Every structure is written in structure tokens, then in C-alpha cells.
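Some structures are shown below for you to check.
What follows is chain A paired twice: with chain B in the first complex and chain C in the second.
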Partner chain A sequence: MRLSRAAQVGLFAAAVVAAQLLSSAAGKAFFLTQLTMSAYYTLAVLGLSLLMGYAGQISLGQAGFFAIGGYTSALLTTLDLSPQRGHPLVAALVRLHLAVPRPDLYGGEVLSVSPWAACVAAVLLGAAVAVSLGVPVLRLRGHYLAMATLAFGTIVSSVAVGTQALGAADGLSGVPPFVLFPGLRVGGGAADRVQNYYLAWGLVALAMLLLLNLIHSRTGRALGAIHGAEDAARAMGVDTGALKLGTFVLAAVTATVAGVLLTHYNAGIGPSEAGVMKSVRYVAIVAVGGMGSLWGTLSASAVLNFLSLRGYFGAYDDAVFGGILVLVMLFFPDGILAADVRALVARLAPRRAPGGEA
Partner chain B sequence: MALLEVRGVSKRFGGVQAVKDVSLRVEQGTVKGLIGPNGAGKTTLFDLVSGFRAPDGGEILFRDRRIEGRPPHESAALGMSRTFQNLKVFPHMTAQENVMVGRHVRSRSGFVAGMLHTPRSRREERAIAAAALEAMDFVGIAGLASVPAGSLSYGQQRGVELARALAAEPALLLLDEPAAGLNMRETADLARLIGRIRERGVTVLVVEHDMSLVMGVSDEVAVLCFGEKIADAPPRAVQENPDVVRVYLGE
Partner chain C sequence: MTLELLLQYLVAGLTYGSIYAVVAIGFNIIYNATGIINFAQGEFVMLGGMIAVSLERTVPLPLAVAGAVAATAAVGALVEIAFVRWLRRPSVLRLIVITIGVAILLREGALVAWGEGVRSLPYFTGNEVSALSFAGARISPQVLWVLGTTALIVAFLSFFFGHTMLGWEMRACAANRDAAALCGIPTRNLVTFSFVLSAAIGALAGCVVSPITYTSYAVGAPLAIKGFTVAILGGLGNSGGAVAAGLVLGVLESLSVSLLPTAYKDVVTLTILLAILFVRPSGLFGSREASGLKDLG
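Our next item is the complex of A and B:
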């Protein structure tokens, strides 16, 4: 009843290309900007999908990690270190090419941390925060875990709003493009639009590949075992605490990376990215896509984020996602996409012999 | 040297002394039966040994290591494997995937190897699948490999649990009422299977209600009553023990 993994990837690549060609043909190439942003949000949501659907844990702190990534990267790449050029630490950064000079708006030169170095620092910080939050918090279950992660999200959000160095309510701007390697950079210039669109969705495809590999591995099987019967998993030698923590950290890192990339793409980040409603939105998207369905999550995320970014939900943006969450929980606890696709496929396709590759 | 040694273990739940100063030895390569009337503390003792509960006092040695109060996954890594009285299969996985989880302690690949699908993890994955099939074949359920475990019959799920526990190649196999819900023929098959498991060199501790099964397969049988051990001897001697006859076989 399922497509092979190669066919799934092919279908996904075809959809990405089709969306680009259609928007160009329709003279709406600017759609690609929102589709690119949508890809980065999708990255954060995929990590959450792994955590919720496969490890059975909920997190209302995903936006917090997204913000940690975005703000760390924005702060480090915009901070002008040239006045401290004489400081041994700064000199060392320059020697190691971790700090690079670039022209500023007024023809002068600023010295700031290179995007690669900032990205690594952001990921390390995100992972460290995830470990120190996860160790105490993952002992909790259900509502308690939800509340604890919600509290974390609230803290990050208020730190972002309340800290002058982070731009307070305005956030940080002037973030330079992230040159991944010569000729390929994450940035919002109109000339780079198509390139960035494919880059972003290519990164989503890469994340998808890694996560699909993971869920079909020994570790993924152990996660499924925890979900299916935790006691039996423990008796078979699965260290459930370590595995849940590992998944939590992995989900946090995907959000951190997503935050870094979107911040470079948008050339800045504001406190709304850290908002608790963003976390609720991510949870709602995973719920729509279906627990334990990475492809469902990806589709739901691409569509809903795009519609939201294009402003189709108007002033009711957050309300729409809250409402979606309520409706999905009430009527489609397995996910709208999961329900429809399965019913449709069951009706249209003859039953295949069991044992097909998932 | 005993493979498993329980020394003066006690466990109390509120006002109920579920297990009281029980000592027990399971010798390498033997099958030990643990019986007792309902509420005798069998399941509690089983949970203490397998690490699902911590005793209030006493020591539990497995392979000469203290394991009381340690989490189950540590004992599993040391070579202890168990089944559950009220079946705990992973319902959404196939029977074979269930059994493959049993190989967890015999394999290494973690998050990174899994995500990168490294050649080593692929090789390991093939070895896990093969070992799982072998264990299923041993139990006689290889034909069910690709069936979702949740849709199997009760007896078949028991088979999956057994194969899963055996796939770990344990030194000690703990069976928690393995005959519960089985008919007479299935119980006889189970008895033969336990004999074959023993022939493989696996030591077995079986908690059971079904007297005929325990008496038939065990080298030694321990009897619990109200949390205390009242007998521990070869089956014949236990059957003739007047205390056992009185409290367990009934007046």
C-alpha cells in the first residue's frame, strides 16, 4: 500500500520542480520566496515529527530552539569585532578564518564571525541547551512534558524580546548571506531566488533522507519499540531515557539549523520566531501530517506555511493554526493526510502482498 | 556457581509484604520453576529480578554482579532476557521487526550510523534480520515474519515474544507465565520448546501457574506462599512436600 522510498523521493523532487516551473510560468516567481521560507520551517517541523510521531514525546519548545539558532547566528555574524581587532581572541579568530571582514553599508569594513563558524556555534549551543533541558524534563510525560517545554519556549521568547543586545522587539537585521561554498549562498537577493529555492528544498530532501534512514535503522526500530510497548523495549535492552534524549536533541538541532538558515535567508530575525504560538503551529502541522508520517508532515508543512506566509489567513493566522490543532485532535487524531491517503489508496489500488518496503 | 542468585530479597507495597526474605539460586544450564498460589509474590519477585522494580532489601546477583535496583536495559546487556505474562509485542511492527528488537543488545549502530546508513550499519542490519529469522525459525513462526504483530493470534504473539527474547542470545531467559492462555496442545509444544532452549545452553527461570508444565520441564522448583519461599527442590520432592500440598495443591 506504500510507495517505495525511491518513488517517494522522485515524487517529492517532481513536486518541487513543478512548483517552481508553475510559479515562473504563472508570472509569480515571488512565490518562491515564501516557498523557500516554508522549506526552512519544514526542516524544524520534520525534527518535531520524529520526536512526536516516533519517540512519542511532545515539545512546545521547538520555536525556542529555532530562535536560539537564528539569534546566535544573527548576533555573531553582525557583531562588529573590528574595534577589538587587537584582542588575542579576535586575532586568533581572524587567523583561523573564523572571523572575516566584509564591507558595511557605508563603505567601511566590519569584522564579524563567519556564517559557517556562527552556524557551528549555534548548533553546539542548541544541542547543549537541549541536553540540559532534556535530562530533567524528559522524565515527565504527557501534559507535564508539554508544560515544561512550553515554559522553556516562553523563557526564550521573553529573553529575545527583553534583551537589547538581541534587538529587543525589533530583532536583529543586516545578517549577511551564508556562503555554503563558493557559488552557493543562502540569502534573499532576488537574483538568487531560484537557486535558493532549490537549495532550501534540497536541504529538506537531505534531512528527509537522513531521518528516513534513521527510522529504518536499529535506532528507529528501538524508537518504535518504545512507542509500542515501553516495558518490552526496556527488557530488550533499549535505554529508553538515552534514546528519548537523543531524539529530543536531534529535533532541537534540526530547529536550530532551520533557524540559522532562515535568518540568513531573511537577513534577520525577530522575536516572533521565538513566540510560543510558533511552537503551537509546528505541533499543529505535525498533527495534520499525521503522527509517525514524515512525508505527511512535509506536505502539510509546505502547504500550510506557504499559505500562512502569503497572508491567506490574514489577522487570524495564529487562530487558524490553533483551530487546526483542535479539529485534528478531535476528528483526525491520526492526521488528515494519513487518513485520506490511506482510504484513497485502499479504494484505488489492489492489495499488495505483505512485506513491501515501507 | 549459580548464574542467578537471589539473597534475602524483600519487597513491601504499603501494608502488603509481597516478597519476604526470599533466597533463590538458578544454576547455569538448568530450568528453574517458580510457582505459588495467586498473590504469592511470584510476579513481584520476577519484577525484582528483571529490574522492573527495586527491592527494599537483599541482593540479586547475575553473573556475579549486583543487579538489584538497576534498570532492565542494564540486565539485558548482561545477558538477561524476558517475556511478559500479558503480552507486550510492538503491535505496529511486523513479527520479524519485533524479533529484530531482540538483537538490540547484540548490535551497536546509533543515531549517526543510522542516519548515514553506513556500510557497517547496513551489514549489521542484515545480520540482525538473519538472526531474527533464525530465532523465529527455532520457535516455529518463521512463516509469520512479515505479518504485523498486532494482528497475530494470542499464541502466535507468545511465539513472537519468545523469539524476540531468544534473539538476544541470553544467558538467562525469564518466562512469565508462558502457558497462560494456551490450550493443552500448545502447552505441550511449549514444554518441548523449553527443553530445546535448555539444550542450547540457555538457563531458564519460569514463573507458571500450570503445574504440569513446570513439573515437566524444571530441574528444580521453588514454591512461594504469601511472599515466603516454602520449598525449593526437584519437582518430585516438591510434589511430595506436605507444606506444598497443603498451600498450593489445596485441601
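Our next item is the complex of A and C:
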């Protein structure tokens, strides 16, 4: 079944609206909270889908970038600068409206970096880390990016757990809502629930549109060529190294942005968001949806994240994602949604001409 | 730092380092036979320790260790047969993801079977407080067990790969799988055997180190990452290099604890890993061409 891009987006919008109406009609409006969180996790896996599907590389550090985003914005927006008001740097921040005063819980006033400024800082930091990780490692082939990003993810998680300034095992809390535009804010208040639901999935739709346009551009066709045959693509003048790096950085930045937004929505972040198991979970979701299949990844992420956040997997949460990962990669390496039953039977049947996937 | 203290850190470092070396050798055995990095390698060490602790309740210690090694070797064979053997020309990416999934399943299985508790085997000789004095430092006899076992494993493997038919066949398989198959070497069975061998040595290491470091369902992943660091540092596929690199890393890590908060211990190791990947991916002891960056993809 092949739909035009407009039809795909329309179908997606209809599904988002239907989910909201259904959960309200069923008296389960609180489902929207988990669905909103799923949207932000979806943002983090969409970039990974591109990286795994087109650049043929696997990142086990996606949660690390997510945590860089979340912790950077949490730290900057909760750090009270009012005692340092006289410092020239703080004064400059205030003059540029990068630091804004807001009332605290006890009726006093705190001065902290504005969420917009914190978000920009987080994205810059995430991108810088991704470039410095990607430039040396992407020269190597095979599993090196996997190990390097695994090491990076573990470092981020150890630092988050071991650093008092980042709240150690408790993480950071009290993060203010992120006012994107007047009247539109990312925050967890029950009154804002429906608004936040549409805002989150609207951002996912925006990211989808950007990524789909990318795939169908000159750059996207070059990425597709890398996916098909890297050496041939290079011979045709495609700068494979730069494209792979670009895809890796793009994946990192989507995760960073997702981390920033979810942290504002949840009003805090803890070290579990930085854990390597989270990164593995993102990889599992991409595997289910089909590598490089953005719509497949989106659907798999919405469903699996929602089920996990609602606690349907209980104590077997990690085991479920591990099991999914193994089963999908054994039987449906192109993703369940892309599964072709005839091809599966052919794969399992003995006696077949050598070939198979690259 | 006094000389005694330095010596004490050194001994601790060598103990951990020799375990990292065994894990790294396990990586190398499978890598040489298949080109796969088996992310579940650390879980073999965990399984060895956990199974031995359970068996030790009913049978004498040597039998418990032997049973744990045999059981873990069987798990190794099972993993290969169930998850790797029947795939046709799988990509590296796919194999990596599969072994990651297997590692998670083994870990979660251990969590269900044994719970979250931390366990350990009794000391092989003496007990927690018995110690040998050496130049002012105090050394637990178990440390000698760990170092001795590591040395034995290395000696056994170098004899095995240098002087036995099976070892030669495995080297042929590593050098050129198609040519080995043409010579009538059963390459598929040798791949299974490489999993058995690396599971067995991992399990043995898990047993001897258990009295000192304790063992729980979650010890596998950190060991796998450190073992991989050592394997890269020593030059992927080079087991002599792995021993040297393992001891170096263990000592560095042990010394880092005296300077930095313990929470950052892993950060030190991993920073070393990243630095090596950036600067010299063929490792300290590997030549640039020999590292080959073997790629099935």
C-alpha cells in the first residue's frame, strides 16, 4: 500500500485526533499524559531510525544525548542566579532577556536562564558532543560507533548518577514550564493536558515533515545510495563520510531536543533517562518499526512507549524490549511493519541461492 | 602515597585486570572465528559465578565450579545455535543488535532466577581475613587463585591454538573461512565451539573472582564494556595483547580510585576506550593493517 505524502500526514493527524477523542470519550483522559510522553520519546527515535536505516550505523548513546538535553535545560532553568545579580555576566543575561525572573514555590522570586536560551545551549552542547564523537569514530567501519556510543552513554549515565550538582540518584526537579509562545507551553499541569498532547504530536509531525523532506531531497537520495552500496556511492562522488556524520549529528540533536521538552513536561529528569537500557530500548523500537522507515518507527514508538509507560510490561519491562530486539532482528530484520510473509518463509526454508541482505 | 599503599593498589588492579583480560580473550575467540563482537560476553562471567554459588550449596566447591563452567559452556552453545548459526549472511549491524538483545535476556533471566541479591562463593583457600604478606602489602590468597587461573587459561589457549588439530582448524577458520571450508573443516561447528570456549573461560573467571568482587545479575554489562576496551587496547583478535592491556587497564583503574571519586571509576575506563578509538583504533600492540577492521557487512 503506497500513499502519497499528504495522505500519510492526513492519516497521522486523524490518528492523533482519534486517540484524543477516544480516550476522552472512554473517561481515560489521563492516557493523554503517557501519550504525550510517548511523543517526545518518538522524537528521539526518529533520528535514530534515519541513522540506522540510511547510514547503516547504530548508536547506543541516544539516551546520553537525551540526558544531555534534559539535564542541561533542567540545570540552567532551575539554577537561581539572583545572588549573583551584580555579576556582569548575569547582568548581561538579564539585559538580553536570556535570564528571566519567575516566582518560586514560596512566593519569593528566582532568577534563572530562560527555557529558550537553555534549549539553544542544550542543542549546541549535544551537537558539539556528537561532532567530536562522530568525526573520529565514523572513519572506522562496523561496530566501532556502537561501542563508542555505548561508552559515551555509560559515561553520561555515570556522571549523572555520581554528580551532586546534577542531583545524583534523585535527578533534578522543579523545572519550570517551557513557554514556546504566549499561551503555548510545555508543562505537566492537568489543565494543559489536551493542549500539551496536541503540541507534542504537532512537534512530532513537524519533525516528520522535515525528515521526510530530507529523505526526498538530493541529500536523501545520496543517503539512499549509501544504504544501497556505500563504495559505489563514494565512487559517484557522494561524500559518504560527511553524510554519515551529518546523520549522526541530526540523530543526536533530535534526541537532545526530545530530552529538553520531556524534562519541561515532567518538570524534572532523573538518571534513569540516561541509562544504557534506554538507548537499547530506542534501538529496539527502530528495529520493530523498520530501519529507515520513519512512519514505521513512529507507529512502533507510539504503541510500545505507551504500553511501557502505562506499566503493562510490569517487572519484565527490560526483558520485553530485549526479547523484541532479538525476535525482530532474527525474523524481521527490515521491521515487522515491512515484513513480507513470503520472504520470511523463503528465509526459513532450506536450500536457497546464497544472497540475502547486505 | 606510601610504597605499601601503591603496592596494594597494584595488586587490586592486577586482580581486576586479569578478569578484564579473560573477558577480552573471550571477545577475541569469537571475533576471530566470526567477526562478531559478542555483547553478551560479560553475561557468561555473571552466569559462571551465579551458577557456581547455587551449586555450591549442595556439592563441594571444585564440583560446583566445574558444573558452572559446563553449564555456561552449554548456554554459549545454545546462544550460537539459536541466534547466530542459521542466519544467512547477516550484516554486522544485525548481529550486534542480536547479541545485545541476548545479553539483556540473559541478565533479566538471571534476575528472575536469582533475584537482585549479591552473592559470592567462599574463599577457595583461607577466608576473608587470611592474607599473605608481601613487601608490606597484604595479599589475599584468592588473588593468587585469580592470577594463577588467568595464567592457566592463557597457557591452555596458547597450547590449544598452537599444538592441537582443533586449534589449528579454528585458526584456519579465522584466517579464511571459505578456504577452510574447502579444506573440509566444519566451519559452522567451529563457530559454535568458539562460543562454547569463550563461555567456558568467562565462567571460570567468574567463579574465581566471585569471592573477592561478589556477583549479581547486573555485573555482566560493565564487564563486557571493560573487556571490549581491553580487547581494542590490545588489538582486536590479539590475545597476548589482551593480557597486557587488561593488566594495564586494571592498574590504571585501581589507581584512579585513589585520585577520583569511586563513582567516576567507569568514566576513567571509558574515556580511555574513547581515546584509543580516536587515536589508535588498531590498539597499542596491533599493527594498523593487521587490525583489518574485519567487516561482514
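Note that in this section the second predicted complex is superposed on the first by the 338 of 358 C-alpha atoms of A that agree within 3 Å, B and C clash if a C-alpha of one lies under 4 Å from a C-alpha of the other, contacts with A are read in each partner's own complex, and residues count from 1 in each chain.
The working rule: a residue touches a chain if its C-beta (ideal position, glycine included) is under 8 Å from a C-beta of that chain, and two chains touch if they have at least 3 such contacts.
In this text, all values refer to a predicted model and were calculated from it rather than measured experimentally.
> Who does A:12 touch here: chain B (first), chain C (second), both, or neither?
Once the two structures are laid over each other on A, A:12 reaches no partner at all.
> Using the touch definition from the top, say if A:233 reaches chain B (first), chain C (second), both or neither.
first
> Contact-wise, after the overlay, does A:213 reach chain B, chain C, both or neither (first, second, both, neither)?
A:213: touches chain B, not chain C.
> Answer with first, second, both or neither: which of chain B and chain C does A:330 touch in the superposed model?
After superposition on chain A, A:330 lies in contact with chain C alone.
> First (chain B), second (chain C), both or neither: which does A:316 touch?
Second partner only, chain C.
> Identify the partner contact of A:201: answer first if only chain B is touched, second if only chain C is, both if each is, neither if none is.
neither
> Identify the partner contact of A:151: answer first if only chain B is touched, second if only chain C is, both if each is, neither if none is.
second
> Any idea whether chain B or chain C touches more of chain A?
C
> Touching chain B in one complex and chain C in the other: list those residues of chain A.
354-355
> Where on chain B is chain A touching in the complex?
Result: residues 50, 52, 71-73, 76-77, 81-82, 84, 88-94, 97, 100-102, 104-105, 107, 109-111, 113-117, 121, 124-125, 128, 145-147, 161, 164-165, 168 of chain B touch chain A.
> Under the definition above, what is the set of chain C residues touching chain A in their complex?
Answer in residue numbers: 37, 83, 87-94, 96-98, 100-105, 107-109, 112, 221-222, 225, 228-229, 232, 261, 263-264, 266-267, 270-271, 273-274, 277-279, 281, 293-297.
> For chain A, which residues are in contact with chain B within the complex?
210-211, 213-214, 217-222, 224-225, 227-229, 231-240, 246, 250, 354-355
> Which residues of chain A touch chain C once you look at their complex with the stated criterion?
Answer in residue numbers: 52, 56-58, 60, 133, 136-137, 140-144, 146-148, 150-152, 154-155, 158-159, 161-163, 276-277, 280, 283-284, 287, 316, 318-319, 321-326, 329-330, 333, 347, 352, 354-358.
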